[in-house]
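Here come two complexes built around chain A, the first alongside chain B, the second alongside chain C.
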Partner chain A sequence: MNRLTLHRLLLWAVLLIFAAWFLTPLYVMVVTSLKDAEQLRVGHLLSLPTAPTLDAWSKAWSSACTGVQCEGLQPFFWNSVITVVPAVLVSTLLGALNGYVLSKWKFPGSETLFAFMLFGVFMPMQVVLLPMSQVLGWLGIASSVWGLVFVHVLAGIPSTTLFFRNYYVGLPDELIKAAMLDGASFWQIFCRIVLPLSTPILVVTLIWQFTNIWNDFLYGVVFSGADSKPITVGLNNLANTSSSVKEYHVDMAAALIAAMPTLIVYIVAGKFFVRGLTAGAVKG
Partner chain B sequence: MSATTRSSGPWLPRLVVAPSFLLSLLFIYGLMAWNGYLSFSASRILPNYDFVGLAQYEALFDNERFRVAMGNLAIFGVLFIGGAMAVGVVLAILLDQKVRGEGLLRTIYLYPMAISFIVTGTAWKWMLNPGQGLEHLMHQWGFENFSFDWLINPEMAIYCVVIAGVWQSAGFVMALFLAALRGVDESIIKAAQVDGASLPRIYWSIILPSLRPVFFSTLLVVSHLAIKSFDLVMALTSGGPGFATDLPATFMYAHAFTRGQIGLGAASATVMLATVAAIVVPYLYSELRAKR
Partner chain C sequence: MGALAIRNVRKSYNETTHILKGIDLEIEAGEFLILVGPSGCGKSTLLGMIAGLDHPSTGSIHIADRDVTNLPSKDRDIAMVFQSYALYPNMSVAQNIAFGLEIRKVPKPEREAAVQRVAQMLQIGHLLDRKPGQLSGGQRQRVAMGRALARDPKLFLFDEPLSNLDAKLRVEMRAEIKQLHQRTRTTTVYVTHDQVEAMTLGDRIAVMKDGLVQQFGSPADIYRRPANRFVAEFIGSPAMNMLDALHHDEQLLAHGSALELSPRQRAALSIHGGSELVYGLRPEDIRLSDQGLAGTLTMIEPTGPETYATVDTAVGSLTARIPGLLAAQVGDSVHLQWSAEDAHLFDRASGDRVKGA
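Here is the complex of A and B:
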């Protein structure tokens, strides 16, 4: 029995050490963001703020410099919001339609097309950046929010299609056949039968796409213009703006602002987030 | 009504998927080919289509900065993949021991996956900075001689990227393995225990080998993450000091978009593609074959 408790103790020790390792950066970010320059100088990484203040937060939000511009993260935050909302909705809708056809309305060659599409989940996006910036120029949406939305939708279709296809394969074919015998059309079956059964995969896909697009940096830094830079680019510019004194408390507040939306989604709907991760990884 | 449904059956579904299929296949393969074409051209600041054969690739492999980037990818790849897999598998096995509060611990281990690499990089840059970060903390705790300057040391900075990368991705490996461990048949473990096998031995010689498919798919995902790593380096070190922490992705970005070397950037992107394809294509092929 003693041996058993010893094992349990050891098990807990390891688990808690790792928990501390994972939590430390978040703790450091929070305590640092609540300090001012003086407390930052006197204290150390782990010390609690002696006089907590939200000054760093308000500076990060509205007046910190991101290069030559000194308006804080606010404009970047709203750029991200107006990019993310249409990009997530459109890519999810297209994924649902594609998944529906690929599972319930297969046609010769549909599986092969899908296999070719799957490579898009893995390919390094660097390989499309240069031609894509040319295409966006031709379409007249270079350096705009719409250009970013377009790229995010295109880049998202393979994963959203995969998610819905794998989910819809599990819906019984008899359901569709019965509806067809009753004279229901392609769209009626989709809207009245398939969509109402899709809530779990819809939530998973929406969260997955939201997290990915909100956190994207590569497309943001390559394709955005002065008025469409997303929050990740704003944060990176803010943290890398060279000034005489490094204002780490402002950097940490800015990092927390950038992380807040996806962290909230994760905490509120973590179960669906994890399902998306595992669904996205165990492909095919 | 039903007659029209039947006749619309064959073409309507195709029509519905046609635009997005066409666009995404063009996006993937069309642009990929175009990029390949650029890599055989003399493009510098602007694309031009003078064919120069393999000249850009020769320049690329002669380029010291690119060699550093590939060397870093090897170091980073091995340590990041190895670290994330090891930590993730250990955590999954430990969490599988019916611990109380498993849900909370899982949430803690996995939250870094929900935040951007830019946030992770910014946070670790603060913690690892020599003046006020970890070094300062140790000094205040009484370890006066403690010195930690990896972040600004060209020899060691790449290991800072590894540390932050493992921190971010280990929980992901844990989630995948935990899901797989839950699928293992309990009766096998019971039977082995009756035969007197110890728990570590059961895991090592029975359970882990049965998780081979998960092991490979996780390895695949983590290694393509490693090859595509870009944000973390940009936020943590910007590729510096100098170009000591460059990876192929940051090399490609710098040459294609800030240094006006489009042909060279395109060639480096093709090398990245080839690296990913070498890992992914055999996997996808065997997966799809197995399905049939």
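Here is the complex of A and C:
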């Protein structure tokens, strides 16, 4: 019994130490963002704000300078939203469709095609920058939100296809056959049977795509125009715009604003994420 | 022409792997056809072709006098029960049963009537609102049958529907399938590897092996006059006793001992010509007796209603099926008797039944 409690104590101690270790940066960010310039100058990095204020947050959101403009992160935030939402939805849907075809409607060469698609998962993003900007130019969507959406959809399809294909391989083929005998078409089977059974992998893919695209900096900085820059670019510009005094509290608030959506998604849907990754085959 | 006709159907992959090597079968409306054979014999492939899920390399398939070889499944007016049941997990039982009708744009009141009719027939009325995940194996089986019945198809296909059930339930469901068929008289094709299912359910049985139909006939035919050694050994449990024998000077010898022949068999053998034969005896045709072939009991397997007794004799080891319990011990000396006309004669080289015997 004593040995057991000792083990428990040790275990807890180690876990708590690691938790503190990993949470410290977040703590510093939060407390710093709640201070004003005066408290920042006087206080210690770890000390709690003496008079908490949301001024830094409101400045980061609406009036901090990002280069010559001084409108805060707000416009960048909305740029990100209108890029991420269509890019996530379209890449997820196309991935589901690809996965459905590659697992349940195999054709000669479909395995090879899948193997080639897997290259896309591991391909470094830098490789496509130049050819892609040329393609966007030809399509006439360079430096626009739609160009950025297009790039994110293309870049996302390999991994979304991989997710869905591997999940659908676990769906019994007999389900599809039964539906075919019931008279259902390719699309009817997809919409009425396959998609309703995809909730776990849909959640995983949506979260995955959302965080990837929201956090993307490289495509955002290369392919966006002056009025379509995403929040990661905005944050970078905000932190790099020099004034006489470095406004750490505003930088921290801005970083938290930029990270907030992905944080919320993980907290709200994280349980589904793990459940989806470990979900087995559907039992009929 | 019949309700289902299969004409010279072949299936090969890459010109080298031959799954089906020329299948010809035909059944009348209302008949229950069994495709039975060991795994890999091509029976499921053949069923898949009838269902339209697979396509023959050559040959044709006709359902109710219509060539359906190149028709998609949905236009064949068939329904199928799968081994894994393949119920749609996202739909309730009622939705599962009605799905095929819904896809075919049958109006809602008719759909509901069909669900009610089927639910009553299969006694699953209390399950209609449940999801398949909440059902037991036997209940899922019933729902799968209900889904097939709802459309009132011309042809019913079963792909080893009972092999996922435990032994007791299997016997119950077997009886239910039989009753259902007697009531609806829908033409049915049923694939199984279980010879008991084949015998109990079938009007006609096609025994398959290596992509060929070994014998096609009524259960009685198949059992009483197996066309070759494979069919004889595959159907019946315990399996038929097989003794290698030599035909010489109007006599049949096994390990030097003469085996009795009926006049008919004698005549058949003299026409047959070949001398190397196999002499087959069903275990139930052998009796324990005071006289006859002497031997020693080597194994006794009581099953309750009958006992399987394995006896070592001069001609080889023989298993006999004795009614009731056997009051004897391993090592006891016994005598075996049978009537010559119950024996089956096969050519040893080809395995075929000796003509006329």
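Keep in mind that, in the parts below, the second predicted complex is superposed on the first by the 264 of 284 C-alpha atoms of A that agree within 3 Å, B and C clash if a C-alpha of one lies under 4 Å from a C-alpha of the other, contacts with A are read in each partner's own complex, and residues count from 1 in each chain.
In this section, contacts are C-beta pairs under 8 Å (C-beta built on N, C-alpha and C of every residue); 3 or more make two chains touch, one makes a residue touch a chain.
Just so it is clear, the structure is predicted and the values come from calculations on it, not from any experiment.
When both complexes are overlaid on chain A, the residue A:Gly183 reaches chain B and chain C alike. By the document's definition of touching, of the two partners only chain C reaches A:Ile193; chain B does not. By the touch criterion stated above, A:Ser103 is placed in contact with neither chain B nor chain C. Touch criterion met: A:Glu174 reaches chain C, while chain B stays clear of it. Which of chain B and chain C touches more residues of chain A is settled by the count: it is B. Legend: residue contacts after superposition of the two complexes on their common chain; A:Thr32 is shown touching chain B, with no touch to chain C.
Of the two partner chains, neither chain B nor chain C is touched by A:Ser80. In the superposition on chain A, chain A positions 180-181, 183-184, 282-284 are in contact with chain B in one complex as well as with chain C in the other.
The touching residues of chain B, counted against chain A in their complex, run 1-2, 4-5, 8-10, 12-14, 16-17, 20-21, 23-25, 27-32, 34-35, 38, 47, 87, 90-91, 94-95, 97, 99, 105-120, 122-127, 129, 132-134, 136-137, 140, 167, 171-172, 175-176, 179, 214, 217-218, 221, 224, 227-228, 230-231, 234-235, 238, 248-249, 252-253, 256-257, 262, 265-266, 268-270, 272-273, 276-277, 280-281, 284, 287-288, 291.
Interface residues of chain A, counted against chain B in their complex, comprise 11-12, 14-15, 18-19, 21-26, 28-29, 32, 40, 44-46, 94, 97-98, 101-102, 105, 107, 110, 113, 115-120, 122-132, 134-135, 154-155, 157-158, 161, 180-181, 183-186, 211, 214-218, 221-222, 232, 235-236, 239-240, 246, 248, 251-252, 254-256, 258-259, 262-263, 265-267, 270, 273-274, 277-278, 281-284.
Residue ranges on chain A touching chain C, taken from their complex, read 172, 174-175, 177-184, 188, 192-193, 196-197, 282-284.
Chain contact summary for the complex, chain C toward chain A: residues 51-53, 72-74, 78-80, 82-90, 99-100, 103-104, 132-133, 140, 147.
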